[in-house]
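In order of appearance the chains are A, B, C and D, and numbering begins at 1 in each one.
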Amino acid sequence: MKDILDNKNKEIKCLDLGFVKIVDCMPRLIPYTEDSADFAIAEAARCSYQRGTKKISNDRGLIRHLMRSCHTSPFEQIEFKFHMKMPIFVARQLIRHRSANVNELSGRFSEMPDEYFLPPLDDIRIQSEKNKQGSDGNFDINNSENILNSIHLSSENSFNLYKEFLYLNMTREQARIVLPLNTYTEWYWKIDLHNLLHFLSLRCDEHSQKETREYAEAILELISPIVPITIEAWEDYDRLRGGISLTKLEIEAIKNSLSGQNLQLFDIDSNNKREKEEWVEKAKKLGF
Amino acid sequence: MKDILDNKNKEIKCLDLGFVKIVDCMPRLIPYTEDSADFAIAEAARCSYQRGTKKISNDRGLIRHLMRSCHTSPFEQIEFKFHMKMPIFVARQLIRHRSANVNELSGRFSEMPDEYFLPPLDDIRIQSEKNKQGSDGNFDINNSENILNSIHLSSENSFNLYKEFLYLNMTREQARIVLPLNTYTEWYWKIDLHNLLHFLSLRCDEHSQKETREYAEAILELISPIVPITIEAWEDYDRLRGGISLTKLEIEAIKNSLSGQNLQLFDIDSNNKREKEEWVEKAKKLGF
Amino acid sequence: MKDILDNKNKEIKCLDLGFVKIVDCMPRLIPYTEDSADFAIAEAARCSYQRGTKKISNDRGLIRHLMRSCHTSPFEQIEFKFHMKMPIFVARQLIRHRSANVNELSGRFSEMPDEYFLPPLDDIRIQSEKNKQGSDGNFDINNSENILNSIHLSSENSFNLYKEFLYLNMTREQARIVLPLNTYTEWYWKIDLHNLLHFLSLRCDEHSQKETREYAEAILELISPIVPITIEAWEDYDRLRGGISLTKLEIEAIKNSLSGQNLQLFDIDSNNKREKEEWVEKAKKLGF
Amino acid sequence: MKDILDNKNKEIKCLDLGFVKIVDCMPRLIPYTEDSADFAIAEAARCSYQRGTKKISNDRGLIRHLMRSCHTSPFEQIEFKFHMKMPIFVARQLIRHRSANVNELSGRFSEMPDEYFLPPLDDIRIQSEKNKQGSDGNFDINNSENILNSIHLSSENSFNLYKEFLYLNMTREQARIVLPLNTYTEWYWKIDLHNLLHFLSLRCDEHSQKETREYAEAILELISPIVPITIEAWEDYDRLRGGISLTKLEIEAIKNSLSGQNLQLFDIDSNNKREKEEWVEKAKKLGF
């Protein structure tokens, strides 16, 4: 048996002061004959599917089939544990993934370290008009410097006040309420591979907040060499990665287009502007 | 306020002795101005999305957008409670949906009623060669009658033995071990709409066992008039309903086909037989 | 059928600007013959336990038995939905209860309202020496006024900066990172009664942060008239309410005390200071 | 680092043909300086509690404190994976513990192996009058032999019919419905330590069905040398192990007894027969 984490990158820095470390995984010890932890998925799946029937191809074929067919339970047999440090506004998004086991730094028990996130000067973003959750370019250097200075100053003021409160011997649980959302926190975060892939689909996506995406991408990078076959299948099939999902209306549009031998972009039968725009985007991806 | 269950069908018979009854739902009382319970989804979503921004269209547009974008949490704000009676082999499949709250008839506390499932004479199925989970036509009438009689006799024998054991005053918990998997059980089953839709996608699908599918379809029929806008969106968008999911390999195949102005069916770049077959099926649906 | 929420208090103010509103519950409509929603717990339990056996007393007896025996699943058949407004530092504690369904105001979609929590002048607490999570009295009026003014000013500065950022058209998702943890947020929060009681045990407890406890106590007050029999049983039996839990070491101490006819307080066999202190406290409750 | 599973018992036989095997655990590799996997609980807890405060004693003290105070999340950081083989009526009880990840042998995909549970001759139990879920002694040898023969014959008949159905090429999914509840199935079962302890409390208890208890006890035996400090704390504190829980009524009774210097057994203020009996039992344990 060998340690799957040997010779693997175990930590990635995120943002200015944050990180994702991989603390542990299951399986941790793998047979010398294996190259990755993917075998444990196939092993669990074979308990369900293999008995008394002929071998369903090799591990790769089986894992890809499980992924395509949404037979998700074997992926739950793999578990990852991370140590992460991130600003509270990022932690608040991650915590919504309720299947994870979490132990977070407690601001009641402990003094919060004097660490807060400052965006890089070249990533102070302008609000998008169209996309309420999105941005549309960055501020120019002057504006960016002003904004960054303001964030810096405001954060420093908040932390100074916090430390003053602690000096006065105010309860930690009350003193912390003046701390800003860019304050760094940290936690142990443990999750199975099925739920982690769901998390990665949503949080590596371009609609995810960029700061949070940085953590999702770090996790993806850390686990890719551990379960490479699974990640390859996920990249090929997931609707938010290499794949795509088509609605009934869009299928109709394609059929019309093809039957008319008219490969121009067809409209879909919807009076919803956003739904139409989504179709235009997908149609381009398909080569129409 | 009016009772959303008024004038609704509340019970559907399933198989020979089973049923699904809708016991309750949340919201149960809806404003006189509403036609369905869908409004409660939009109401919860607006708590997240609407504040300080312009109104995102009407409820229908909002619900369809949530469904397309996999913003699933507002659908969790709707809850359904069912009373169901089904054979144990069906219950064993349903119980795998872990987000449901369940109270099942206990064979330790109570005597199991003398009721077991017998398949209809015209639905004794022949094992499919290709699909391990599937069937390929039915037996002829003679074979079917013989099989059905055997099931009947075997079930009766098992129940007679069970009742003899109880008569001898054997513990119920041990006596029941001779009962067959077609024994009827019943339960209260409560689940939120998001998880219920996931259940319905999988269990209304043609790959689901037919006997279980009958329960899923009964549930779909019961809830459709209660949340019609949600069900319409789900039928339009879900990959196992009206929609479809395309893999990276399939998108490539479509692009090649279109760019070559060759509308013949293109191969996908996979040496996996099953993956190729799945593509053929999808290509047909798209009109290639 | 009658509406269980009729003539019930549906909203309680919490802290300075927060609230808990009960939006809905299941069951919402109850038979005219019932006084509360407790019957639905007994109804579900009887599906498990009652069949073919004599009636297990009345609903109250059954519910109390279920509670004493930790037969928790029937309590999951009751569901509550709340609309809550609370500071982010409170929301961060509540969100750890992962079984709830949540739709929270999004600071990416929406501008955060200019509302923040200020503690009352007579509740600015001094850090306890012994209890890292606790307090030990309040500051005098002068100190309290100074602290409160500082919190006020700091919060105002943060919100002014936030609004300036929005005015410059900075992305909402980035601008919000300067907001403090006492910023008010709101959400829809839906949870079943079993998990809610677990939440109430922990969060109505004196070890819970006082600000969070105020929300837990408001919820308890709102649901008590809806499921009075369940709440009575919970108050009588729960180890963090009227009940108590004794460890093996404490049981040994009691036995020694009684056998020696020596009713003085006996030591427990532990070299852990905290464990001994806990026993002293429990022994007093028991009348030793 | 060393393999925590080295030199550990990894498999325990259960019932006549069943087993529990420990497949994996997290952490699997532990530092040479550690004796058990308990350290990973303390490590996660220290992420929450330790920062900026003095060290809370050693790992054992910390773990015992966490257990006493129901700070359960650090125990979720430990994970176990088992391969189990058990009769279906046992599997149906275990599956109710919804936090486990499960991959079960599928009777749709695979032919069910011809293996069924037969109770040992000296454990054919007589139904208890008082305890609906319990037994009251065993049958005499003659009755036991007769019953056992009947179970054997009935199981054999069912399996013969099943095999005949498969020979006729009936779908596996339908053929299996005649199989009895004592048919052996198997699965991979993965669960975190917090939820596993909750499972063990309920299923090692004397109220659990004896056949299921055998599996719970096997699991307890397998994990005890892996997390010995945690198991010791659990044995000392859990209300269904060495500990006890007292209700408000029972506390009142103890106080009355002690204040009157009357150490006779006092009644509790309840007209519920079962509640009174429970008190009598607890009072004996306490030495009254």
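In the analysis below, contacts are C-beta pairs under 8 Å (C-beta built on N, C-alpha and C of every residue); 3 or more make two chains touch, one makes a residue touch a chain.
It should be emphasised that the depicted structure is a prediction, and the values quoted were computed from it without experimental measurement.
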Which chains lie in contact with each of subunit A and subunit B?
C, D
Comparing centres built from CA atoms, which chain ends up most distant from subunit B?
C
Just curious, how far off is subunit C from subunit B if you go by their C-alpha centres, in Å?
36
I'd like the Å distance between the centres of subunit C and subunit D, where a centre is the mean of that chain's Cα atoms.
30
Distance between chain centroids, defined by C-alpha means - subunit B, subunit D (Å):
31
Touching at least two other chains at once: which residues of subunit C meet that condition?
49, 53, 73, 96, 102, 106, 109-110, 132
Residues of subunit B touching subunit D in their complex?
87-89, 92, 95-96, 98-99, 102, 106-110, 117, 119, 124-128, 132-135, 139, 143, 147, 150-151, 154-155, 157-158, 161, 164-166, 168-174, 176-183, 209
For the complex, which residues does subunit C have touching subunit B?
1, 3, 24-29, 40, 43-45, 47-53, 73-74, 76-77, 79, 81, 83, 101-106, 109-111, 113, 186-188, 190, 192
Of subunit C, residues touching subunit D in the complex:
49, 53, 57, 61, 64-65, 68, 70, 73, 96, 132, 202, 235-237, 239, 241-249, 251, 254-255, 257-259, 261, 263, 272, 274-275, 278, 285-288
